[in-house]
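What follows is a set of structures to go through.
First subunit A sits with subunit B, and in the next complex the same chain sits with subunit C.
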Partner chain A sequence: MILKLAVRNIIGNGWRSLVNVLILSIVLIGMVWMQGLFDGWSRTARRQMQEWEFGDGHYEHKDFDKYDSFTWDKSNSKIPAELQSLIEQGKAVPILISAGVIYPQGRLTPITIKGIPHDQEILEIPTEYLRVEDQTGIILPAVIGTRMARSTHLEEGDILTMRWKDIHGAYNAYDIQITKIMDTPVPPVDDSQVWVDFTHLNEAKALQNSATHIVLKDDSDIVKNEQDFRFITIDESMQGTDALIDVKRLSGNLLFALLLFLAMIAIFDTQILAIFKRRREIGTMIALGMTKRQIVKLFTIEGCLYSVFAAVATSILGLPLFIYFGVSGYKIPQEMSNLSIAGTAEPIKCYYSPSMLLSTFILVLLITALASWMPTYRIARMKATDALLGKV
Partner chain B sequence: MKKILYIILPILLFAGVAQAITAAEILAKVDENMNAKTTKSTSRMIVETRRATRTMSTVSYAKGNDIAYTEYTAPAREKGTKMLKIKDDLWLYDPSTDRVIQISGNMLKQSVMGSDLSYEDFMDEVELAKTYTATLQEDTVYDERSCYVLSLAAKTDNLAYSKRVIYVDKERLVPLYQELYAKSGKKLKTMRMSKVTKINQRWYPLQVVFKDELKSGNGTTMIVDEVSFDIKIPDHYFTKAMLRK
Partner chain C sequence: MTESLVKIRNLSKLYPTGGGGFLALSELDLDIPSGAFMGLVGPSGSGKTTLLNIIGTLDNQSGGEIEVLGHKVSTLDAKESAALRAEKIGFIFQSYNLLPVYTVYENVELPLLLLKMPKAQRHEAVMQALTWVGITDKRKSRPNQLSGGEGQRVSIARAMVKLPQLVLADEPTANLDTENSLNILDTMLQINKDTGTTFIFATHDQKVIDYMQRVVTLIDGKKAKDDLKTGS
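The block that comes next holds the complex of A and B.
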């Protein structure tokens, strides 16, 4: 009965209710779109990083710390037999990492050298361009990304010198030729990276079949005897990227928290006004036997119904928008694309998970319930006789 | 006839003695001249780039080749910057941020104040006789001085430069020119020494031009204005606490 009465009252409020529902609906559309965008970004980044960097998880040398380049030259070991077997079956790909320096246009530029087999097919890196055709030659084919090419002013066909220290600490230097500039959506594969052939980098570092990372095609191929390596799941690999996306998500959420706050003020105001205008009605209801608790419930449900109606309006008004951004995607602005986060190179397809939709609606419902309930403290202090006389 | 013999014999004898000096002995003499137990020097580093020429002044204190403390005294922008090297560790103090940072990893490969020297080069000072096997090549004349040419091959795998070629002044036994090579045989750096001066009992080049052969530019000139060897330097100069003083 209370619910029926609440619905009738909301409809009876006319324009005032409509405005409240519309404001709430706009906030909900924005919140769902924004959450969908960031969830979509995270999914796109994950897919791209799997395709270009981590496969279905990877083994990492126990001494390797991606945040401490001091560890890079020392963190490599001979590939364990079980992992070597996976590599030979095409189920894994080894990567050797070294710090180095190149001299584009005679400028000293510190880089990260990565050695990867030229015949691998697990990662999207165009490694076929790393094949050394002339084994007696001293020019090593190298692949770099577009961002690296832009920052160093290098073009395909350019020859330059690359210098590094071998495993014993002795300098070595080769000329390299840029055989391919790859367009990768994953900045960590591109920024300050020079990719060369795995075997040749091993030789140049005075190593033998040693690797820093071993990327798996399928995480079901985890081996028992990993020796100096430890397995890093794709979730662990994604932590840094997810954290960066969450920072962006937070700034978006702050904007919608502000809008939600304004919508709540509107509902709060409406409730205050309603209680003031409906004093006689409240008095009559009390006189007819309704408890104050039931009346508080009535007003709270009325407020909550705004968010229910707003959810309905959102699904009608927002659906075309959600479908458009879910199918065509949203192109991140150029200034954000320059951030070193995967997933920004192509339009991000918004992803609306049921849990996200439900949690967003429940959040708005709870906040609306709070904003609707707070003004009803006046009802609890009302005396039926005073209410009937309109004295409250 | 006798007269001629008197003249020729000493020349032949001297030539014989002179030829008897081995590559290892030359290298040991070079080390004697170039290395000291302790060194205090005031010097200028002139960096020539495509845009401008910058001069930086430093005061350095060193103990052998492993331990060194350097303070920049000019220009104003670099004044107060300090560097401390203890064996394989290198710390830098930046007065603008009042912070001490350890130079490691890729940072070691960066150029020092835009010069042709990297931080790594500060770490790679070695005693040549101990670490290289020398072979005498054909003599040459360099900078109007008669020189031995030594080809040095690293005795161990862990030296930064696996090969060096040095021109050593025959008379003063100081290097006048040096080429440093990578394992692949690529020439990486050259050093040209000049203004060789006798300081106490040793000959010492007061000017060195470093050139990174892979980098464009005219190189970096280091001019030593004052230098004293084997003096007493308090141990506290070689502590991290000194960086913040």
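The block that comes next holds the complex of A and C.
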């Protein structure tokens, strides 16, 4: 009954209701779009990082510190038997990491050398270009990314010198040839990275079948005897990227919190005005047999209904926008995609999960309910006889 | 003898003011039988509306006892008095107090919604009430599209739609011209005769007083006269 009366009141309020619904709807469209964009970004980044860097989780040497290249010579171990078995079955891929230097156009450039088997099929890195055709080993094939190529002015076919230090501390050098410049959407496998064959890097480092990382194709293949390695899930690997996306999300949320606040002020104002303008109406309802509690409920439901109508309006007005950005995606501007953030190199397709839609709607509904309920305390203070006379 | 619908004993109502309080009603005794068509008359400030509000359980007395439809008003909590009004008491106001965003039909339907009456029954009752007051053709209009007389007819229909035992009308003709006033009064008198509903008016309009079977005159909150017209 209360709901029916509330619907009648909202429809009867005409333009005032429509404006409130439209304002709320615009805020909802913005919130859903923005949340969808960040969720889509997170999903894209996760997929790309799985495809290019971490697979379905990876083992990392217990001493490895990605921020301290001076420790890298000691942060590798011979691959444990169980993991070696997975590698041989094509379920895992080892990566050996070393610090090094290259000299493109004679300029000293510190790099990260990564050794990966040329026949692996787990990561998207085009390792087939690492196959050493010239077994004399004079020139080692290498793959770099487009960003690395741009920053070092290297092109496919270029030959240059690469230096590194083996585990005994002896410096050595190879000539490497850029056999492929790969276009990867994941900056960490591109920036300052030179990919070479795993076996050859082991030889160059005076190591034998040692690895820093061992990437798994499927996280169900976690082994018991991992020895010097520890398993890092894809969620853990994503923490940095997720944190960065969350920072962006927070700044976006602040903007929409402000817009939501303004929308709530509009609803609060409407309800306050309604209570003043509708004093006689409230008195009449009491005379007709409504309790004050029912009237408070009526006004609160009226306010909440703005959210419900706004959700309907959002699904109608926002649908083309949601579909466009869900299918075509949003291309991050070039300046931003140059930052080392995964997921920005290709258009981000907004992802609207049911839980996100529901939580956004519930948030707006709760805030609307609060903004609608707060002014109603005046009703509880009203004397029916005063209300009938239009007094508060 | 007809049983009293409203029993008032030694009723008083004191409104607190800066100067110690204003006594709106004092030492009032009154019995109103079922089926009455009576008026509370008197000058402004004589306590007519205050008494009507107390009978309608919209206000509380300061002293004395009042029993309405078998319920002691002082013992009713807010929920019980709301239920009593919803089920058994109809109100007619001087300025009609129609809900502006509702149509005529919806205004008349409102008391039945509060009683949670099924839709089909509601429709029948609303149409019956609109027929009584002769305003079925305006059922889709909004209050701002009605004349004063039509507005008050809708107000009567809203009061009568639930077939209450008691209707309280506060200056129902104050905003109407003579012709409309007489039409409205004829309508209410006819309903009183047809349904046996008790009507209590608060008025100082002579046209209304002329229609009353019984006139209780209040002066300064006290009963000054109680005239029962014979043969009416």
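For the reader, a short list of remarks on this structure follows.
To be clear about the criterion, the second predicted complex is superposed on the first by the 387 of 392 C-alpha atoms of A that agree within 3 Å, B and C clash if a C-alpha of one lies under 4 Å from a C-alpha of the other, contacts with A are read in each partner's own complex, and residues count from 1 in each chain.
We take it that a residue touches a chain if its C-beta (ideal position, glycine included) is under 8 Å from a C-beta of that chain, and two chains touch if they have at least 3 such contacts.
Bear in mind the structure is a predicted one, so any value in this text is a computation, not a measurement.
In the superposition on chain A, A:L388 makes contact with subunit C only, not with subunit B. In the superposed model, A:L5 makes contact with subunit C only, not with subunit B. Once chain A of one complex is fitted onto chain A of the other, the partner contacts of A:T284 are limited to subunit C, with no touch recorded for subunit B. Of the two partner chains, subunit C is the only one touched by A:K292; subunit B is not. Contact with subunit B, but none with subunit C, is seen for A:Y103 once the two complexes are overlaid on the shared chain. Look at A:P320: by the touch rule set out above, it reaches neither subunit B nor subunit C.
In the superposed model, A:P354 lies in contact with neither subunit B nor subunit C.
By the touch criterion defined above, A:G157 reaches neither subunit B nor subunit C. Contact residues of subunit C toward subunit A in the complex are 53, 56, 58-59, 78-79, 82-87, 91, 93, 95, 97, 99-102, 106, 110-111, 113-116, 158.
Residues of subunit A touching subunit B in their complex: 68-72, 99-101, 103, 105-108, 110, 112, 138, 161, 163, 165-166, 168-174, 204, 206. Listing the residues of subunit A that touch subunit C in their complex gives 1, 4-5, 8-9, 11-13, 280-281, 283-284, 286-292, 294, 383-385, 388. Against subunit A, the residues of subunit B that register as touching in their complex are 104-107, 109-111, 118, 154, 156-162, 182-184, 186, 188, 212, 214-217.
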